[in-house]
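The two complexes that follow have subunit A in common; it is paired with subunit B in the first and with subunit C in the second.
Moving on to the complex of A and B:
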């Protein structure tokens, strides 16, 4: 029975992959655009989940890495450096460097102090983008960023092609993140979440583990940022604001922190709800706030976490029923 | 060789002096008990030795290496392992995952499976630690420390809150440990202390009140007054 249960994630992954691969064939252009956005923000949320769900660090400056990745690509493109691979590498590298530098400062604190210091640094990066008009365009942002040129005989102006490009990187990133979580480092990261003092007593340098997790998460957020700027064609300080960090935390919590796929489901749920509710009322942000409160109160494990819990409970009940029947 | 040497260690919390000029020397392979009334500074002493709490002054040497400025993970890598007064485990992970985490940084000759089989816990490998009974969790505290292949083991009230059967089980486990492992134990159950310890240190108000063998401790008037009590 246990082995059968272990097959569920594998079957689920194959079904999800097939759905993602075939969805451009059935979705409308608007639906495909929404789906691309979900993948980009799903990757962004998964990178944050490495901190929130696996390491136990609630970071409020994750948008800094997303925004810096996007700005780096945007600035390079507007300066004439249009090679996609170069801008991609530059965006991710700059985000990694920022996370590498900020990590040395923010990881000196923990708990609510960590949250506050990440918020403060996040707003500093936001202020920098806002004030450094000559490079970032200030509050006007950077616009007119074209879709990437891959040097292949396919155009990324075609929404389907661009979707598949994002999907390819989403799958590759998910695989890398999955391997990290399943590695020795991943186990150590989870150990830090469970009990940092016990990990230290066991001989782990927990600071280094958290630092690595923070830097890796920053790099993947930067990657999501690069795709966002190519998707949106525009980047402004809004993408660096604390509200963006709050939105991605919401995605992680709604989907289920520490569940790996949960944040992607969370991103999907929030974008779909946002679109549905905003079509009905101008007060959609208030409705999103209510959904968040309800999730925190009644669905603390998130949609995926709750589903896993229910499935395990159902499986246990089925096993005990079967055992009774045998007797 | 001395497994642990502490010289004039002091620790204050605000205006409260919890440890005052505490000095101890423990030979490799020794079984030493630390006893004393609540608030005597026993757990703080363990926290200072293991690096959880920084000291204000004094020196600590582990196996001849100056260690007072080392972070706790470096002390663990020197061979120091400890249990906590309050269970400090990976509660949401299975027993197997707990042991895996304990073995990982120490290049242990055992796999988690071999270790659990050797200790007689293999059957419970897939149980979440939070679902184990309190007594079992106390034993897992000890298992995690032993999985580190320690040279010096600090046990903070290992039998606290356990039934007499469980106390007997854990006492046997400690008694049967190889003499290659030096054991420093904080314990309130005097039967356990007299069963395990070669030598006893009595702490009172953050100071070493007395040190001696079981007989010397039993017969010392000051120890009776502050901790053991008198017959009348």
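Moving on to the complex of A and C:
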């Protein structure tokens, strides 16, 4: 019984992969653009889940890394450095450096202090983007960023091609993240979440483990940011504000923290809800607050976490039912 | 910078610091008693300023605005504690996430009702004008802010040190299981501390209203400063909140005077320094878990 259960992720990911690969053939242009956003934000949310779900660090400044990746690529493109691979590398590198530097400060604290300090430093990055007009364009932001030029004979202005580019990086990143979580490092990351003091007693350097997780998460958020700026063609300080950090936390919660695919499902759910609600009312932000409150109170395991719980329960019921029959 | 403008800046720093104390003390006490970092605390401040604006406009009386906004927000605090936080008892992280959801809700609510235009509250007429300090003009209103801020700090100190309720609250900060074990209804005090925190934050919003006004986005601007205060001063102690408030007040004021474009960075530098040398805050308990 257990083995059949273990096979599920493999079958699930094959089905999901096929669905993602064929969806451009079915979807309307509008649906395709929505799907591209879901992939970008799904990656962003997965990177945060490495901290929230696996390391047990609730970071309130994850948008800083997303935004700084986006800004780096955006600034380079508007300055004339249009090579896609170069901007990609630069965007990820700068977010890694930021995570590397901020990590030394914010990880000195834990629990409630960590939460407050990440929030405060997140607002610092926001203020920097807002005030440093000559480079970032201040609150006007940077606009007119074209789709990337890969040096291939295919145009990225075609939204299908761009979707497949994002999808390729999404799959690659999920694979890397999956391998990290399944590795020895991943096991020790989860160990820190479960009991930091016990890990310390076992001789692990828990600070280094957390630091590594924080930096990796920052790098992947930066990658998502680079794709966001190419998709959106525009970046403003709003993309690294607290409300953006909150949005991605909400995606993780809605989908289910620590469930790997949950954050992507969460990103999808939030985008669908956003579209439905925005069509009815201008008060999306308020609705988001209400969704946030309801999810924390009544759906804390998230959609995926809840499903897993239910199916495990179902499996147990089924087994006990079968055992009874045998008797 | 000459001597007289230095004095002015010091006075500005004190008045700003005391304003921050109104927020940080509530934030710190709520954390101390319940383990919740209330991220909607800046929203209380912003909503307080807006409500004060409305009440003063209707009645023409600043004091009504001050107390009315304070009472309304205290009620909101009780409602939040009673109907939301109590349901998530002992799930501190979820409670923090809940306050975050409320912060979104309140910000959009304020945008909906009052739009994006900043509202400046009128000063009470007897506090108009300014006095001259060594040849430099200093607004009387800022003097009043210092006096009121010190008065409230003193009252709060006396309340926590000298009254039975205050003693129970301090005992609760140290060990709430023990307090409830002694037959005290600690949940009542949870509601009370939420009401007190929201009340003080709203007072801060109305008091600073004639100077900064009320606008959407004020909530998180001030929340970050209040968080900086408790990070610097240490959570759960009134003394820490007081010291931290003055430090951050000075950092902000002098930052604005010396590097007008990058004023907020003085705060982050202060925070970073404290984190490097004393991660649990200047007067915080050594072990912050």
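Keep in mind that, in the parts below, the second predicted complex is superposed on the first by the 327 of 327 C-alpha atoms of A that agree within 3 Å, B and C clash if a C-alpha of one lies under 4 Å from a C-alpha of the other, contacts with A are read in each partner's own complex, and residues count from 1 in each chain.
Convention: contacts are C-beta pairs under 8 Å (C-beta built on N, C-alpha and C of every residue); 3 or more make two chains touch, one makes a residue touch a chain.
These numbers were taken from a predicted model, which means no experiment stands behind them.
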Touching partner for A:187 - first (subunit B), second (subunit C), both, neither: first
Partner chain in contact with A:290 - subunit B first, subunit C second, else both or neither: second
Larger contact residue set on subunit A - subunit B or subunit C: C
Which of subunit B and subunit C A:200 touches, first, second, both or neither: first
Which of subunit B and subunit C A:120 touches, first, second, both or neither: second
Which of subunit B and subunit C A:58 touches, first, second, both or neither: second
First, second, both or neither for A:246, with subunit B first and subunit C second: second
First, second, both or neither for A:27, with subunit B first and subunit C second: neither
Subunit B versus subunit C as contact partner of A:299, first or second or both or neither: neither
Shared contact residues on subunit A - subunit B and subunit C: none
Residue ranges of subunit C in contact with subunit A within the complex: 31, 35, 37, 39, 84, 87-88, 92-94, 96-98, 100-109, 111-112, 220, 223-224, 227-228, 230-231, 235, 261-262, 264-265, 268, 271-272, 275-276, 279-280, 288-289
Subunit A residues touching subunit C - in the complex, by the definition given at the top: 58, 60, 105, 108-113, 115-117, 119-121, 123-124, 127, 131, 242-243, 246, 249, 253, 283, 285-286, 288-293, 296-297, 300
In the complex, subunit A residues that touch subunit B: 184, 187-188, 190-191, 194-195, 197-206
Footprint of subunit A on subunit B - complex, ascending: 50-52, 71-73, 76-77, 81-82, 84, 88-93, 97, 100-102, 104-106, 144, 148
